[in-house]
Amino acid sequence: MAKSVIPIGPYHPLQEEPEFFTLTVDGETVVDIDVNIGYNHRGIEKLSELKTFDQSTFVIERICGICSTSHPFAYTRAVEDIIPVEVPERAKYIRTTIAEGERVHSHLLWLGLAGHFLGYNTVYMWVWKLREEILDVMEILSGNRNNYAIFKPGGVRRDFNPDDIPLALRKIDSIVPTLNKLKKAIIDDPVLHARLKGIGILTREDALDYCALGPTSRASGVAKDVRKDAPYGAYDQVDWDMIVTQNGDVFEKVVVRVLEVFESIKIMKQCLMNLPPGEIDLNIKNIPPGEGIGAHEAPRGETFHYVRSDGTNRPARHKVRAPTFMNLPTCKSTVIGETISDATIILASVDPCYCCTERMAVRTSEGKRIYGGQDLIRLSQEKTQRIRRKMGIK
Amino acid sequence: MTREEILKDLKQRFKEDIVNFFDKSPKRVYMEIKPESLVKCASYIFKELKARFNIASGVDSRTAIEILYHFSLEYINLLVSLRVKLNRNNPQIDSLAPVFKGANWIEREIHEILGVDFKGHPDLRRLLLPDEWPKGVYPLRCDYTEWDKNAIRDRGV
Amino acid sequence: MSLTLRALLKSPWVFHLSTGSCNNCDIEVLDCLTPRFDIERFGMLLAPSIKHADVLLVTGSCNRKSAIRLKRLYEQAPKPCVVVAIGECSLSRGMFIHSYNCPLPLDKIIPVDAYIPGCPPKPEAIIMGAVKLIQKLKGTL
Amino acid sequence: MKLPKVRELSEAVKALLSKPYTSKFPKKPHQPYHNFRGQPIYNQEKCVGCLACEEVCPVEAIAHEDQVDPANPMRIMIHYTDTCIFCGSCEAACIADNEGIKLSTEWDLAFFDRKASQETIEKELQLCEICGQPIACKDHLKWIAEKIGELTYSSPTLYLTRLKSLGIVDENLISASRDYGRSDRVKILCARCRRESTLSTSTK
């Protein structure tokens, strides 16, 4: 059969960041994939050199909205590595709380979208409903639902108000029972097992070779997590576990993320309850020349920042490495050999900023067929339906 | 292996290649090497020492173009940065992409934003910049100036 | 008010486009669809293609690669098409005003009818912006 | 296979009996939490026009315009709503006890014309009595004079401003035009004219 090319992207009805995938398919099987990015390129590394160290925090907060604490966290750690200093205890706890809140809402967001891709719109609506509560917690604590503007080299910008903490804790507690139910529903759902087990396998060797990060690699049995390997913030003072599974298929990635949500909630609660008193900021005045490296385990994997200072009040060079940059190329080893209807969820399983299109064309040997925008998702949803019918579940 | 053993081993093994060795802190080591021995050093660190390749970062420091390859050794919580300095007029270096796949994209990125030529890279296409971006203009070089005459740099009202 | 515009305002279908945003505004737009805000109450629906849509929601700072596609999309849109800019990036490029990859603000590329500031705007602000826009088009504001 | 069915059914029954989750938003006004970061608003009384907020703003959302008309010198502080990212840097940097500009909880900011998307306040400006260039806002000079206390009397610019504000020196006192002599020193001067008048006592 003749090989054909499916362009996916850059714009997709479900939106998220634009990206352009070119799938080469042979019949229904994907034989090659190419990714074209750059629709979101805003030259942040250059912009950061135009701002002062303090202002840069806001620039890099806007690298990614879902990781809007991961990047400042890594950046502030890089700047603190130049000097070097240790931030005050209370600031550490505040940072950790915000970072974990972000992980919860990011994983829930992904779970909802994955549910939508598979045709489980109930999951999508449920999970996003839970997510609202976490966003409320963030608004109570930091003043905004996203983009918390709380990080600062040497500490944090604003303190938690002790009066708000009980309300925040109550809100966090309120989502746990529903989340538990959801966990059970996802982990022992027979259709999800049939649909997700054994597809898009990223082997341990490939995960190491592509230098994959975060849940993508932890699902493949690579037990690496910056929070455990090189503890920072309050991560060594609270009790939590690293979630690692062995198979590396899409189902395991879902499981890792769902279980991580519980760990994050655990960390958040511990941090809020044991918030130590004291200063929140070191008031760093000037930064000596030198180089610093900061890393933070973002929801998608390790965020890595390299900052060079030349003694002025602006960074001389600021390199940002987002986790998707390393994770996305793994689709080359996971998508190839699978069918197109699985491609959606596999591409989504690394939690990239995944995107589809207004139009895609599947050219088969019979001729040319043009699919409308949502057909890729429809194909995926139809497959779930087929499996359900086969298993006798209507 | 402990941290000391690894550092001693690195110093011993790459005696001729190391230009400068800077032991910054317990967690950070910077190793400046000659550009021609990059593949040798990097593949040893990646394959034998089982390091994870974090990222490479290119810096234009006005006198030379520096590329730093960051490797992290999680089992001893150490970050080794290999530094190479390239000639600013004709920056060229051997590609690491054939050695491990993780280096593929970042080399494409450095190629387009700093103009470094990676010899032996399998697929050195543009990654981020648009197609109409002029050839030979590298936005992260320090002598970059605005080339687009139509660009508006105020609020535009 | 023309008949098409009147029909449009009854149940505006929106198409959402991210032109190099940080994702927050996109997610807040999606949030409007989820149970707490549920904008389908007002007859608004997220359309899968611009050809089915009456309202174009634009987020992001219009970088070079997506500006071309933005123009093309606007040309494909059935007129009248109402354009709403969401978030600081699409209003004035905010943070990215000096970025080498974001040469023009959105309203220099396509005409914009309403602006919703915020970084990101709350879903309530987005809904409120839509309500204000509808009132304005109806001529009551 | 049975168990999931029961679980789903019980959820369905529960959902049927409980109130709808969706907010009644446009009908019922939305009140954000008290520390929500919304539109920053200038306080005409407290702001001293020192431009610290403009200096720290990461997005250049704050600007100023000096009107050096000798009859009515004014500094217009401008805050652009369409550029602000509501980060609160301006409030944190404000020298007037963080009250000159303050984040409000205002979130409903949609507008239709970008030219009008700005907030302004006017502050009275002090001009140099020789060259006519702006020195600082009058309130800013008063603020400095109050801060440094008795040291104020080491600088004529500061003590004259202070005495004028206290009503000891006539507000409308117009100094003689430049006489290139010693009397130049007892005037409200900008840094440059102050240096010149101090260094050159002889007539030019």
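The chains carry the letters A, B, C and D, assigned in the order they are written, with residues numbered from 1 in each.
The rule is short, and it goes like this: a residue touches a chain if its C-beta (ideal position, glycine included) is under 8 Å from a C-beta of that chain, and two chains touch if they have at least 3 such contacts.
Just so it is clear, the structure is predicted and the values come from calculations on it, not from any experiment.
C-beta contact counts were set side by side for A-B and A-D; A-B has more.
Chain centre most remote from that of chain B: D (centre = mean of CA atoms).
With centres set at the average Cα position, the gap from chain A to chain B is 25 Å. Annotation: 38 Å between the Cα-based centres of chain A and chain D. Inter-chain centre distance (chain B to chain D, centres taken as mean C-alpha positions): 44 Å.
Centroids of chain C and chain D (each the mean of its C-alpha atoms) stand 32 Å apart. Among the residues of chain B, those touching two or more other chains are numbered 129-130, 139, 144, 155, 157. Residue positions of chain A touching 2 or more other chains: 38, 41, 43, 46, 58-59, 62, 129, 144, 147.
The set of chain D residues touching two or more other chains comprises 21, 32, 58-59, 80, 82-83, 85-87, 114. Touching chain C in their complex are the following residues of chain D: 21-23, 25-26, 30, 32, 58-61, 80-87, 107-112, 114, 117.
Chain D contributes residues 1, 4, 7-8, 11, 21, 32-33, 35-37, 56, 58-59, 85-89, 92, 103 to its touches with chain A in the complex. Interface residues of chain A, counted against chain D in their complex, comprise 51, 54-55, 58-59, 62, 129, 136, 139-140, 143-144, 147, 149, 157-158, 161, 164, 181, 184-185, 188-190, 393. By the touch criterion given at the top, residues 155, 157 of chain B touch chain D in their complex.
Within the complex formed with chain B, the chain A residues making contact are 37-38, 41, 43, 45-46, 81, 84, 208-211, 224, 229-230, 291, 293, 295, 302, 304, 306, 308, 316-317, 319, 321, 325-326, 329, 332.
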